[in-house]
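First, the structure itself, so that you have it in front of you.
Each chain carries a letter (A, B, C and D) given by its place in the written order, and its residues are counted from 1.
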Amino acid sequence: MAFFLETLLGGLMAGMLYSLVALGFVLIFKASGVFNFAQGAMVLFAALAMARFSEWIPQWTGLESKVLSDVAAFAIAALIMFAVAWLIERLVLRHLVNQEGATLLMATIGITYFLEGLGQSLFGSSIYKIDIGMPKDPIFVLESTFQGGVLINKEDLYAALIAATLVALLSLFFQKTATGRALRAVADDHQAAQSIGIALSRIWVIVWCVAGVVALVAGMIWGSKLGVQFSLSTVALRALPVVILGGLTSVPGAIIGGLIIGVGEKLSEVYLGPYVGGGIEIWFAYVLALGFLLIRPQGLFGEKIIDRV
Amino acid sequence: MKTRQLAFAIAALAASASSLVHTSAAAQAKEQFIPVLSYRTGPYAPNGIPIANGIVDYYKLVNARGGINGVKIAFEECETGYDTARSVECYERLKGKNGGASVVQPWSTGATFAITEKAAVDKIPIVTLGYGRSESADGTVFKWNFPLAGNYWVAADALVQAIGQKEGGLAKLKGKKIALVYHDSPFGKESIPMLDERAAQQGFELLKLPVTAPGVEQKATWLQVRQARPDYVILWGFGVMNSTALKEAQATGYPREKMYGVWWSGAEPDVKDVGEGAKGYNSVTLQNSTDYSAKVVKEILAMVYDKGQGTGNREEVGQVLYLRGAMGSMLTVEGIRAAQERFGKGKVMTGEQVRWGLENLNLTQAKLDALGFAGVLRPISTSCADHMGAYWARIHTWDGKAWKFTTDWLQADEQIIKPMVKAAAAKYAAEKKLTSRTPAECQS
Amino acid sequence: MLYRENGQFKTTYRADQQIFPILQDRVVVLLFVAFAVIAVPLFASDYLLRAILIPFVIISLAALGVNILVGYCGQISLGSGAFMAVGAYGAYNVMARIPGMPLIPALLLGGFFAMLFGMFFGLPSLRVKGLYLAVATLAAQFFADWMFLRIKWFTLDNSSGSAAVSNLQVFGHALESDASKYLFCLTFLIVIALGAKNLVRGAIGREWMAIRDMDVAAAVIGIRPMYAKLSAFAVSSFIIGVAGALWGFFYLGAWEPAAFSVDQSFRLLFMVIIGGLGSIMGSFFGAAFIVVLPIALNQMLPAIASLFGAQISTSALSHTELMVFGALIVWFLIVEPHGLARLWSIGKEKLRRWPFPH
Amino acid sequence: MTRRIGDVILDVQNISLAFGGVKALTDISFNVREHEVRAIIGPNGAGKSSMLNCINGVYQPQHGSITFRGKTFRHMNSRQVAEMGVARTFQNLALFKGMSVLDNLMTGRNLKMRSGLLMQAFRNPFGIGPAEREEIEQREAVERIIDFLEIQAYRKTPVGRLPYGLQKRVDLGRALAMEPQVLLLDEPMAGMNVEEKQDMSRFILDINDEYGTTIVLIEHDMSVVMDISDRVVVLDYGKKIGDGTPDEVRRNENVIGAYLGVAH
């Protein structure tokens, strides 16, 4: 029982982190209809930037305080991501308006290669450290009820909290601000949005910037978990089932989906794995998502498609 | 249009390729060409960079020392990104250059599998330090493969012995539970037969937990570890998987002192960003650990870096993987030297001749001292039947800042490994319809 | 001037619906095939054959398969790597288990297994569409990766779980020289490409395209989406499977599941989109682009750098390679979203009208 | 030749269709007689296209049934409908954009093609083997339609490049290629200029005369409807508000109300 709880909690927290990456996909798809495969590369790029600058800033400025240099590094990384977003809109999306999804998808994969190359040549391809002082050691709860207690991974707990706050902030941003409303308008109908004088290109830049920040936060958290290195870009593959399960266009979908996938894959690995030799969680996550799709082809929260002829 | 485009593409490539061949034909006769397959980018770059630096720096050192009896080493790097197909392309590209490659190190298990099939045809020996096909230690079947200084099974056996020592004798392992957390790939699975064998003999329980490559998400695995509460964990990972495993272990409160890694999980990049968190974590070594004071390191710094020809950054010279790379170069160079002693000093050796050299390698302590490798590795001597040449390993432990040896030399049990190698090699030979070489043929 | 079709009147429908209705096309294509079959093996260098042409031929075959599914039937798939793997391991098992199994049937059987696998993972396409399907097909990819690592039976219970083949021969003649290997693969490519061309210009091809362009209308005129989609999955994964078997047998020689990883799937999808969706030719262009370009870049960049007197390090080189490659992809998509094949046909049009601009 | 109206061929009984809460059709019943030209009219969103989609099996109505040639169905299945000889054109062109005019029409013949996958894969250019022969037979049939619709010049053009009017024709051609007994036309003249409309109505009448094809027609343009149709159904807000000959319908209050927007 205690172990089941641990697995459950572990799954939930892992799921929260997946949602964080998934969120990037959803935001961009919602606003620009682009399935942004570069999300993984963006996570890597942002993390690299932050890791390196938090190293460099003390060297350059002789700044003592760890916190300050981290904050500064975060800010710089964010600015870099803004620049990236702006360039992508300028150099790529602008020239590919109303192309088929597949073409846009490919473009983003092109961007992926570019970012991976650029990131490694600017910041190096060794392994780097982001230390935002996340506690590493576990805590035990309910020791009274269960012998040995229920282990909670503190780092993941904090990570999940950060993720949750970010999501909350984003939904506020979407619901309350004018830009947010514009974004939703664009998401609903490009033409209509344009017709009431919303500049698509501007909106896209904003969305990519937001996605950039999301990538940065994801990169920061995953980076401090795994260490910043090339493999970070592969977390995107873990987040994909989340995206389709939740529905490409739904922010809450990304969250709920993340939790479902997280819990699902952990439970499957722990309880089914041993019978088939283990290592099943990644494909199980996809099969799980597929299962949901067979019931709701547009994902849990995606809009229903009605064929009109 | 299509025909043109393709014709152009092909013509262009043919031209470039052929031109390369020509220049190489004209290349200086007194140069021994050695291709360097490296992975300085991609998921495993953190490990690949120091290795590549070590390899290249040592060749530079050899040339600075005046080459092998005057024969300078010409080398060219080719980036594989640890991708098998790319490695094969690099191999094909370089094998014909500069008068032909005389020896190759794939530095990737996947690539070793693929190149093993080709090198035999091209008559180019393959040197694999602590990776590749374990059974290729049997030189009678694997004429062209040289897993020098130890294969996976040596590592696995040494690990079991080390754990046994800690428990106070292998006998004490009876009834213990050991979890194997391994990289889900041929590399990771190579460990299993040996450990199964030992588990059967020593009567401990072996719990196998695969981690899907690259291994960025291991929560489930470590939950299982926490549930099973094994007495020891053997970590058989590579790249990001190692640091992630250590962090998960920390997060689930599994004592690092009870974790033992293979020699691909026991270098600076694997623990660097875990830092204090990895304190007490042990790993078997491919003989060498970090050694900034080794004579060879000093020489490299003096004769290469001080001349501004260093490949990497100075402070990494002497670290685990760097030294492993240098060791690889050293062994190949010594193979060539041995060949020269037979086929003519100061001559450029062909692949076949180098193969003979590698097969009749005899690195005495004296030679090692002279080369500056005293304390880095033990004497190695290979033979026709034994292409590995050494069954020795040590355990080193991360003290939060650096790797320190914590055991003396452990000798892997030849009585166990040799038969396993023989059997596996025989199986391979049968699949391939190869006939293993008789002692008579060995002399040639 | 040379490229005109005036004076070539079609008197029968048969003449009108042949693969290359225009005489010049027929001639050029035949010449090119002749060049590939006769001249190349004679003159191509060892490196060119082994490291460029053989992979190019095999991968274009795979791309062809992907194009049937993605380009003609409009079902985006990211499971191609898995289909290749099934083909490779399938053929490997058949070869190893059945004594005296001839090579060609073994390869075809590999394709057959891939076909079954593909059809099974094609079933969701009946309900799931577009990008959702694309991601869903990744399930096939990861499942295959896992299956070939975990189920020892597929790798004849050897400890490492890798597969290796050697001394291949057809009709008693050993395929050892690179030229013979190249010709063998090329023959497969030509035969299958012809078959594929026939399919896409025939009834079934029209069904696929109908489903792709407007599935509701297609259903209304009596096309069964189930049959069309699954047949597309079947044909495509068969071809991909054969390609996978060739890749394992003739390029790698020995391989592990990682050789057919998800990257391979992406690369294949790339090829058909860069090359041109719904175009057999496009598959070849795409394969050339993805297979040859990185290698070419990798070899040319140092030369270019040295022009400016710069000495470029290995890592810098491969980073630049990545960047240039990525940039080129984006650039091509911007210049011609419909792929290189479209550029080619535009070129042909221009040539036809030459010397008039329009 | 004088058209003789036969007996009921298609009978729609109490069809109700809803998407979630939205009621698209409520309890619609009407019938179609052989050889007649039957029109369905009504303001936008009256549910005309939804009606056809039910007959085609694109939508599955929640209630009601459809009887075709004496066989009664709860749900129609597109394939069956097509096999029974019901063809259909679409309101906003549902052509296969990526394909040439010829191929679009050829898809209309697919039901008639029998040769299997392998046969097609290894069909050879010398006309030996069934696949090639079949292709040529069907091609001949299609060419007749091409002549009938006067689009010879555009055979090989991708339909995407054709002007709207011609695309409508190709859409009609694709339906004709199925040699249907009942032809459902969804606003065949929407967005056409006068000449095009005249051409189109001519085609429709010719089809009706020459092949004796029963025609069910959705149209906005009253004049056209009144001219060419024998009987008219009027839908409004998914309900049937009128049914009868053009003149009857013209005199029906509800209809006038619906069209002049009188509240009801």
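Rule of thumb we're sticking to: a contact is a pair of C-beta atoms (placed from the backbone, for glycine too) under 8 Å apart; a residue touches a chain by one contact, two chains touch by 3 or more.
Keep in mind that this is a model prediction, so the values were computed, not measured.
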| item | value |
| --- | --- |
| Contacts common to chain B and chain C (chain labels) | A |
| Centrality ranking, top chain (CA atoms only) | C |
| Euclidean distance of C-alpha centroids - chain A vs chain C, Å | 33 |
| Chain A-chain B separation of Cα centroids, rounded to whole Å | 36 |
| Intercentroid distance (Cα basis), chain D paired with chain B, Å | 72 |
| Between chain D and chain A, distance of the C-alpha-averaged centres to the nearest whole Å | 48 |
| Where chain A touches two or more other chains at once, by residue number | 120, 125, 277-279, 282, 307, 309 |
| Numbers and ranges of chain B residues touching at least 2 other chains | 40-41, 45, 49, 184, 210, 212 |
| Overlap residues in chain C, where contacts from two or more other chains coincide | 145-146, 149-150, 216-217, 220, 315, 318-319, 322 |
| Chain C partner contacts - residues on chain B that touch it in the complex | 1-3, 5-7, 9-10, 12-14, 16-18, 20-21, 38, 40-41, 45, 49, 52, 77-79, 81, 83-85, 88-89, 92-93, 96, 109-110, 113-114, 116-118, 121, 133-134, 184-186, 189-190, 192-193, 210, 212-213, 424, 427-428, 431-433 |
| Chain D residues within the chain C interface of the complex | 56-58, 78-79, 81-83, 87-88, 90, 94-99, 103, 106-108, 110-111, 113, 115, 117, 120-123, 125, 127, 131-132, 134-136, 139-140, 143, 174-175, 178 |
| Contacting residues of chain C [partner chain A, same complex] | 70, 76, 124, 127-132, 134-136, 138-139, 142-143, 145-146, 149-150, 215-217, 220, 262, 266, 269-270, 273-274, 277, 315-316, 318-323, 325-330, 333-334, 337 |
| Chain D-touching residues of chain C, taken from the complex the two chains share | 12-14, 17-19, 195-196, 198-199, 202-204, 206-207, 209-210, 212-214, 216-224, 231, 235, 278 |
| Contact footprint of chain B on chain C as seen in their complex | 28-29, 31-32, 35, 40, 43-48, 50-53, 55, 96, 145-146, 149-150, 156, 158-162, 164, 166-167, 176, 251-259, 263, 281, 284-285, 288, 292, 295-296, 298-300, 314-315, 317-319, 322, 344, 347-348, 351 |
